[in-house]
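Structure first, commentary second.
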Amino acid sequence: MRRDNDVLEGMYRLMSLTRALDRVVGAHDGHWHGLEGEEAVAAAVYYGLREGDTVAPHYRGAITAALAKGADLGRMMAGCLGKTDAYHLGRHRSDVCGPPEHGIIGLYGGSLGPPLGYACGAALSHVMDGDGDIALAVFGDGTSSRGDCHEAMNMAAIKALPVVFVCQNNQIAISTPAPDGNGGPIFERARGFGMPGARVDGNDVLKVRAAMDEAIARAREGGGPTLIEARTYRVAGHFVSDAEDYRDAAEIAAWRDRDPVARYRAFLIEEGVMDAAAMDALDAKLVAEVDAAFTAAQDGAVPDPGDLMPEDVFA
Amino acid sequence: MRRDNDVLEGMYRLMSLTRALDRVVGAHDGHWHGLEGEEAVAAAVYYGLREGDTVAPHYRGAITAALAKGADLGRMMAGCLGKTDAYHLGRHRSDVCGPPEHGIIGLYGGSLGPPLGYACGAALSHVMDGDGDIALAVFGDGTSSRGDCHEAMNMAAIKALPVVFVCQNNQIAISTPAPDGNGGPIFERARGFGMPGARVDGNDVLKVRAAMDEAIARAREGGGPTLIEARTYRVAGHFVSDAEDYRDAAEIAAWRDRDPVARYRAFLIEEGVMDAAAMDALDAKLVAEVDAAFTAAQDGAVPDPGDLMPEDVFA
Amino acid sequence: MRMTFQQAVVAAIEDEMEADAGVFVMGQDIGRFGGPLRSNAGLFERFGAERVIDMPMSEGTMAGLAVGAALQGKRPVLDLMFGEFLALVMQQFLDAGAMHYYSGGAARVPFVLRVKYGIGPFHGHAYDHHSWLMGVPGVKIAAPSTPQDAYDTMRAAVRDDNPVLFLEHMALYHAGRAEVERRAPPLPLGPAVRAREGADVTVVASALMTKRALKAAETLDAEGIEAEVIDLRTIAPWDEEAVLASVHRTGRVLLLSEAISTGASINDVAATIAEKAFDALEAPVARLAPPPIPTPFARELERAYLPDETRIAAAARALARWTA
Amino acid sequence: MRMTFQQAVVAAIEDEMEADAGVFVMGQDIGRFGGPLRSNAGLFERFGAERVIDMPMSEGTMAGLAVGAALQGKRPVLDLMFGEFLALVMQQFLDAGAMHYYSGGAARVPFVLRVKYGIGPFHGHAYDHHSWLMGVPGVKIAAPSTPQDAYDTMRAAVRDDNPVLFLEHMALYHAGRAEVERRAPPLPLGPAVRAREGADVTVVASALMTKRALKAAETLDAEGIEAEVIDLRTIAPWDEEAVLASVHRTGRVLLLSEAISTGASINDVAATIAEKAFDALEAPVARLAPPPIPTPFARELERAYLPDETRIAAAARALARWTA
């Protein structure tokens, strides 16, 4: 990858922001799906998209995607708490569903899988408009067992749609180890659909970014879809209140030692892009920002029963 | 393949029977989905199964599968016409749905795809019973674009289920050429699910049979599933009354010249297994049998309105 | 111009494609093949492969693709082939129906899903599952009964900013021509029409059932029973005002369904009448629907299964004569 | 023994697994993890990986696998996690429901599909789509309201030779213990119970709505209004006799639903009452259900969305006092 300090710093900011979200929201919500250990994937995948690009993010990391696409932090926090200031007005949750006005296609139901099809549709629309924009479809190793996932990849390949498929393979789905959910290597499926596929080290933000750059360029130039499998590890539980009695503590510890944030920090220091103090300051600033936004959201107005408004159901 | 004249003759009989069905039923039913050009796949795949084996056949060729598994010709013909003598009592159609009492899992709805999952369930049951029986799941190139297809293969691979998946790739789905339905080579998908996959010449009954023998043996021995893609060609229209203005006549003619029945006849003569006269006699006998069965079915009793019997819906 | 129902549907789509470059059609075998039962005949020749897009057999993703394109401002019209394939796209419909509301109004999903259904000459794929969508907020269901209505309703459906299920009955599809005026939609989705006026009994119907109800009404007319036929046209949201007004006029109501009664969309109509027009009712709310069995295959069973003119007339007659 | 609803369901499955080697359970995260909300707690430790089978995220194929195994004589119990995933297995249910009838009786599909649903402490995946299956012939739907009922109904469901959707309400799941007798099923699926007797108004409910109806009935009792609560237990096929008998006793009926009313399973009950108990009705058939919006997220909206004791009591009160 051509060295570009803006990109390098931007990705660090997104990693740090993601970690701040985990810390702040996770402390308040037992149902928060943390991203600890997977920050490199989120940062590399969602950083630097064009305004017109469309993203159907994986639910784990969906807020990072929304913020990377320009969504307002305060309104996203309000959306975690079901407040009226939220994009969704408290009707729906922002932790899995970002604002469509920022090109995010969220989970509108609880089923994982269908958003991959929505990403294909957005991509087709971009082709029709000839705007060079692309669609991103991100999903977990568990989600990759859904038929939606295969149909969407096959569809994108046949129609040469500008979609970048990213499997955020954190090696587990709730308690199911990836090998119990997938018969073979996920990136190998690309071949069966006739598209390029690659596996990258998901704990190395630069490797993920390099793969993304290549895939995005191909998509923008009309070269069709790509599948990137970013192999990482879910260091946290499935959600905050997960008892996690199904996993080996030693394995978790080993992966905690491979922390992608620490690894990237070392790289940035070594390359002289940012120094430790600057990064610490940024970290602290982001935690403070997220904290302030979350606190403000907590104090925000709650919907009142009269706000059910069935008259809003139809456009 | 070890030469076994019973098998060779049995497969010829099934091919000839399939062609006889096409001729007789096709002459009466504009909605009949013919198998012309694909007889080698049906004969090789459905011949010689054990009584306990379960088959979820492709809809095109489903009667061949049922007859190969011991279903009664007369009742199958009655089922094409909705007569009371049918296994289904006229409630459902036998051209796409064989009798469960012979281990056939048919199409109970009109959607292609779900039967692959049913085959997995039958296979799991065979494993639980330790009976060494297997399940066969056969589907078209078009059907292979359904998510069901992928989910089922992945599931069978993960659970090492004794399922043989056969893609009866006749290179078209109604009017859609296979490359417009599948982004990559279908057999290559096996790799992504971690199972063996192979493509064979579907117009060569012996090649298909050899692949089946290997796959079936592996399944019976606990070696898990296999995907076989048998490449053939739909010489006939999608159904009898198909106007077929979407295909090149020269292409059809070229494939008609590669007729699998003629090719197999030449082989059997050359090898001295059967002579032309014997095969002609068998052909004539089978046409006469099917014709007689069909005529008898036409004369059979029709359900009367009192036969709707909602009390039969629950077991 | 005289057109069949099928031609009227295609003409409406053609006129909307002409009027709005964002409208495109997609589905299996809709290109050169023209669509099953000629459901898209001529569109490929006229608009080409970029706006008449052939699809692989991936129903969920087809529907998903339509939703994704609609979110970007396009107006996809997806021919799903047959109504029974609704079972394969329910999640996409749930999501699509929720998007506008959940997003606080930011998302719009102008997407028409076409399905052929019903017992008819095609003799297959008759299943009618539209009633499932009655439980899905944000989705509209249209079920026209005549060529003109098919034309008008399809144009309104394409212009609607919500996901719309558009039902095309296979027994109406090629069943004769009628005069069709190629006009801008005179009505949005929603309003019912009084297909026939009558003072004695109200019959609520849609699609093929409307046609049969009108025939039954002629029979009854000869007997001195005046049946009023309300053609719903839009099944969701259905026209409560028109139905209740008719029940207030007649005091007696028969609801027709091609889906089995236990889960039928007309049950909401029945329940609403029993709730809101109770005072006006002079007789039980009557339903006529197939028995609770899977759609049967034999022609004889099909005939016994579906409400026909004779049974509709009998039910309406009994209702008109009903006394406590 | 005192058990929660969740424990009672697991105990019933455990006892059926003990009694019949053909019974097995499957689903995502049901092994060592114990199932979401502990829905299978202890089964893996007791029966091992061969009869407690963890599944990948492939809902359609999971359901398909269950159907295929059931056809071979096994009795699979599939934990689908959440009711909203019904959208992903509708085709399998359609097929399963048709198999016995279509095959002339040769096929049987003894398959239990478990789903958690409902607004409750879990605060997610609340969607309630069971009503869709009212239109699918051959399928049963069970919705118990107490731990004992959950135990009895689950055992009956496992023994039933038909596909059964088994609803587990998340607001009842861990909501206190009650005495549960581990007994052979006293009733097959089907019969309703009169959870409370009363002469003035009938309230038809199931699951959480039964619990709330019983509380509302206490409030009304203090006001001198006697509400009779019919707990359906089985939603399909529902107990027509019990409901009509109650309506004949009271002349007034309120139907409760957690699904929006337009497509709700209670609509068949409402329509049947308006049809078959018309003479007995002294007031409109009343329904209480959420407004037609997607299930909302904010706790305040959730509370406003679902019928609660206050609104149930108000609706029953208005009905009891209704005069033409």
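All chains are identified by letter, namely A, B, C and D, in their written order; residue positions are counted from 1 within each chain.
We adopt the following convention: a contact is a pair of C-beta atoms (placed from the backbone, for glycine too) under 8 Å apart; a residue touches a chain by one contact, two chains touch by 3 or more.
The chain list, named the UniProt way, goes like this: A, B = Pyruvate dehydrogenase E1 component alpha subunit; C, D = Pyruvate dehydrogenase E1 component beta subunit.
These figures come from a predicted structure and were not determined experimentally.
Under the contact definition stated at the top, the chains bordering both chain B and chain C are A, D.
The minimal number of chain-to-chain contact steps leading from chain A to chain B is 1. Between A-D and A-C, more C-beta contact pairs join the chains of A-C. With centres defined by CA atoms alone, the chain at the far end from chain D is B.
A straight line joining the Cα centres of chain A and chain D is 36 Å long. Separation between the centroids of chain B and chain D, computed from CA atoms only, is 40 Å. In terms of their C-alpha centroids, the spacing between chain C and chain D amounts to 30 Å. For chain C, residues that reach two or more other chains under the stated contact definition are 56, 58, 60-61, 84, 87-88, 91, 94, 97-98, 101-102, 127, 137-138, 237, 292-294. Shown for chain A are the residues that touch two or more other chains, namely 88, 91-92, 108-109, 111, 113, 145-148, 151, 154, 158, 180-182, 310, 312-313.
Viewed as a network of touching protein chains, the structure reduces to a complete graph with every chain in contact with every other. Residues of chain B that touch chain C in their complex: 31, 82-83, 88, 90-93, 108-113, 142-143, 145-147, 173-176, 180-182, 245-246, 302-310, 312-313. Residues of chain C that touch chain B in their complex: 28-29, 31-33, 36, 54, 56-61, 82, 84-85, 87-88, 123-125, 127, 291-294, 296-301, 303-305. The touching residues of chain B, counted against chain A in their complex, run 145-151, 153-154, 156-158, 179-186, 188-195. By the touch rule above, chain C contacts chain A in their complex via residues 24, 50, 53, 55-56, 58, 60-74, 76, 91-92, 94-110, 137-138, 140, 161-162, 237.
Every residue of chain A that touches chain C in the complex is listed here, in rising order: 54, 56, 86-89, 91-92, 97, 99-101, 105, 108-109, 111, 113-126, 128-129, 135, 147-148, 151-152, 154-155, 158-159, 310, 312-315.
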